[in-house]
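Right, I'll just put the structure down here and ask away after.
So that you can tell them apart, the chains are marked A, B, C and D in the order they are listed, and the count of residues begins at 1 in each.
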Amino acid sequence: MEPLTLDPFWTRLGLLLGATCTLAMFSFLWRENAVYRFFEHIFVGLGMGYTVAITWTNVLKPHWWDKRVWMGSSEEILPFWGLLGIVGLLWYFQLSKKRVWLSRIPIGILMGSGAGLIFRRIYGLFFTRDGQVTQSFLPLWVSTDPGRAIQEWKLALGVLGLGLVAFYSHLHLRRYRRGTDIPAGIEIRLLSGIFLALMGAAFLMPRGLIIAYDNFLIVLTLVCVLCYFLFWEGGRTRLASSAANLGKWLLMISFGATFGSTVMARLSLLINRAQYLLEQCLHLK
Amino acid sequence: MRRWIITFFTFVAGLFYILEFVLPSKTSTGRALHAAKPYVGEAIMVIGAFAVGLGVIGVCRHHLRKVMLRQKGWYNSVALLASMFAMATFKIWEKYDPPELARRLHDLLFLDMYNQLTVTVFSLLAFYVASAAYRAFRVRTVEAGLMMITAIVVMLGQIPLGDRFAKFLQLPWTFTEARLWVMSVINMAGQRVILLGAYVGSLAFGIRVLLGLNKDTLLEKNP
Amino acid sequence: MTDPPIQVLLLFFILSGSLLVFIFLARRGVPVKLRRIAGLESIDEAVGRATELGRPVLFTTGLEPLNSVTTLAAIAALSRVCRVCAKYETRLIVPLAEADVYTLVKDACQQIYAEEGKPELYREEDIHFLSTMQFSYASGTAGIMQREQVGAAFFFGAFAAESLILSEAGNQIGAIQVAATTSSYQIPFFVASCDYTLIGEELFAASAYLTRDPAQLGSLVGQDLAKFAILLLVGVGSALATLASVLGPEAYWLQAVLSGLLGGSPS
Amino acid sequence: MRRNQHRWIYLAMGLSVTVPFLFRLTFPMPISEPVQKTFHQVELLAEENRQSKRKKVALLVADWEPATMAEINPQVTALLHHFMSRDIPFAILGFRPTGPGLAQELAEKAAQDWNKEYGTAWSNWGYKTQMDTTIQSMLSDFYTVIREDIEGTPIQNVPVMARFKGMEDIGLVAEFTGSSGLLQPWVEFVHAELRTPIVHGCTGVMESPVYPLLDSGQIQGFMGGLSGAAQYEQLVEKPGKGAEGMAAQSLAHLLVIGLILAANVKEGVSWLRRKLWSR
């Protein structure tokens, strides 16, 4: 297929339509209105048509229709082809009131295949050589290595974080203890003591033996956030629920980071729109 | 009986993938399963694809009724149906070397309308991000405060002014550095656990689906 | 495709085994108590508020097709919302992005209305199949929310960039919104713009919690155990890695153990 | 006011991205290390080409799609200007269907500034599938994989490729993409085998996984997002879409941060007022 030549009429018509569509969609920011509604319906229609078209051209045609072999080479494909068509058509019993249960067969096949695939997906994502769990086996202690020496600010931030943790555990445990009759202050002092010792140790430790803070924080985050996702009431010890609370904080930090870093990508899209409207459509350059 | 048939199909479809995963590829069965995997995948894709027709029927019914009865906004339904058929026709036709006019119309529908609409709706997010930020990041709780501080640090790390600001404040780090650190340490670990939890949940759900133990997957309650 | 090593298979065996054991225990009648999931009670509350205002309820199950487990969990939650809606006689609108989900949901809703004894309230035209194309679906759903002035909106399932489009559309009309998704990159946006957000796996817990199905409750305990096992694994792995890092490269046997623990350690 | 609050926010957002275009605002950028390294790598190639008779070709791998055009296009444009100003011949190849077309368009636009033409300045090898196997076959036998350019001319007959023998004549791989996993094969196969320097361009979101590769020296430089493009434009002294876009980015980012702060100030004031009122 040779490429289409540039034709001012079609180009202009295209730009006009494109600009109209863009503005109509932007009008939603003001309020839902008749113009938006019209273009929204067109958009849904176009999307639907596109779905139908690519389902045919990308799935059904190459993977099913083109594989039918009316004559010649491979005989074993033909019954397979027909069978698939029959199973596929079972969907349409949805339209009959009596035999609607037949349409559950393709549903069952889809659900079953999804369930069965879970095993390999988990393996591939978490337990392979560069899987997420395997990658979490991090040394919490790195021997002298100037390349990986940690920066002071990270240390400061980490100490600050630990201080926050200590403070929070303090508050949390006090609140928690009210319901029980454990003698006051024991575990609070213990925990605060441990954290203070850790904080002091971080400063006093020789440079090469400093806990690799990044690794430590990664593992800490992993453990605490995992604790947040424990649901069984019976398994919630005091430690677990304390860790879960910290986990929620760490999750929130993680969410803030995701939010902030996505802003840029979203803005780029809007900037692209501004360029389209101002430069291509209005020729302001 | 019907329930058994459905559970059987569900189970077999899942069992195939489980066996394919578990059996070593050196054994003959394992090899056969490996070899069959692309075909099974293809077949399942095809079966899923057939459902699109039902969707089309549903949409046509809904909107045709609107048009027939001249309900409020019927012209929108006309636009929807027309654009649907136009798009489907031209998109499929495009693969079969159509005349120039058809290709022009395809480009008009696809490049000038569909693509622009997509990008525009996508870019609405820029506005929404701003108003969501205004509403959500109020320091009422510690959680919201942490979220806000991280978001601001990360955002400052993305623009050139941020690092100047850091220099101006005489901070020991640049915001770019801080952003990368937050992203690759805490954010990474947090996302990792969400992923892990979701997949473990999927595993449990999958096992229940395969054994037909779910009360509410709606598979069993047949009239 | 590489074969999974034997220790990974063993791990899977343990995980699935613990799941199965707890599922069967729970089905036998061993009671299971769950921790409170913030935002879950909000489902009834949200539907109730929409009813008070006389506005419809909207529920959508995200972008993924039927063979995604997230979508299935979302459908389980939908059946609960549908039941509550039927009870309160509130209109339920379900815009969908996948044809196979559409067929199942249509069927399920009809059945639930019938079970609640109000088959006449089921309206087929309120279950919309919009488009599998992400932004067609998003703009369609946003339009429906504005036109119908929904009082409560539920976004359960797998979402992509359209998450914020949906939830902001709801915000503009002041709908009470509950979201639950496992798509980790979209959670922040839901947290920022919805009244309640179920984070990640809480979606699965929610579906167990709402249906009170012993099999689901039991499997939640099994999941907890599985996660705990993985936590232990990470602990052991980290400890070994730390030891290896302290002992240096001479301790090659330790490296071997570490790389034998799963598919292999990061180099 | 309260009900229409979101409209004011939307308006401010709209203005903050359009104003920099209308008034051509630009913000000077500090050059970050990865971008500087990218620039340096291209300069190295230019120097090498100047000294030897056989000119090495830079390979532009175009793996981006219209959806990420906004961020990648300015990066590629800046890099192409750099190639053309230093007379570095280059080739375009893509593993995403839309990539080579988009790259070709950009190259033609850039070529107008430097009086270059397709064929003598660059060649386009078009779109290929099956990334891993294709790259491996290119390494073992280049001409069985790449036979013709997009115009159907046999590769040997494209003037710029006349002395090209195989992958060892590629002096630099510049990979541009908005998706994950497309850079790794180049590192794993091409860099590992031939030590070919690799530079990379990606969207802002994809940036953080790339840093480890730069640290370990598996890639020689990269630019991320619009800010990377703006910095590169500054290095080649050809301000364009990147610089403009970055001004809009900065303004809009500041707006979002400002909004967050404003919301908190408002919250604080009302809290204070409640406190005072209750006394």
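Simple rule for what comes next: contacts are C-beta pairs under 8 Å (C-beta built on N, C-alpha and C of every residue); 3 or more make two chains touch, one makes a residue touch a chain.
Small disclaimer: the values here were computed from a predicted structure and weren't measured.
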Which of A-D and A-C has more C-beta contact pairs: A-C
From chain C, the most remote chain by mean C-alpha position: D
Interchain centroid distance [CA atoms averaged], chain B/chain C, Å: 14
Cα-centroid distance, chain A relative to chain D, in whole angstrom: 24
Inter-centroid spacing, chain D versus chain B (mean Cα positions, whole Å): 26
Set of chain C residues in contact with two or more other chains: 4, 65-67, 69, 72, 100, 103-104, 106-107, 133, 135-136, 139, 171, 184-185, 187-189, 191-192, 199-201, 205, 220, 223, 227, 230
Set of chain D residues in contact with two or more other chains: 6, 10, 13, 17, 204, 225, 249, 252-253, 256
Chain B, residues touching no fewer than two other chains: 21-22, 44, 48, 51-55, 59, 117, 119, 121-122, 124-127, 129, 131, 133, 135, 137, 147-148, 151-152, 155, 158, 183-184, 188, 190-191, 194-197, 200, 202-203, 205-207, 209, 217, 223
Contact set on chain C toward chain B in their complex: 1, 3-4, 9, 15-16, 19-20, 23, 27, 65-67, 69-70, 72-73, 75-76, 79, 98-100, 102-104, 106-108, 111, 124-125, 127-129, 133-136, 138-139, 161, 164-165, 167-168, 171, 182, 184-185, 187-189, 191-193, 199-201, 203-205, 207, 211, 213, 215-216, 219-220, 222-223, 226-227, 230
Chain C - residues contacting chain A, complex: 2, 4, 8, 11-12, 32-35, 37, 65-69, 72, 100, 103-104, 106-107, 130-133, 135-137, 139-140, 142-143, 146-147, 184-185, 187-189, 191-192, 199-202, 205, 220-221, 223-224, 227-228, 230-231, 233-235, 237-238, 240-242, 244-246, 248, 258, 261-266
Of all residues in chain A, those that touch chain C in their complex: 25, 28, 31-32, 36-37, 40, 43-44, 46-48, 50-51, 91, 94, 100, 103, 106-107, 110-111, 113-115, 117-119, 122-123, 127-131, 133-143, 215, 219, 222-223, 226, 229-236, 251, 255-256, 258-259, 262
Chain D-facing residues of chain A, complex: 29-30, 261-265, 267-272, 274-275, 278-279, 284
Residue ranges of chain B in contact with chain C within the complex: 21-22, 24-25, 34, 37, 44, 48, 51-55, 58-59, 62, 65, 117-118, 121-122, 124-125, 128-129, 131-133, 135-137, 147, 190-191, 194-198, 200-209, 213-218, 221, 223
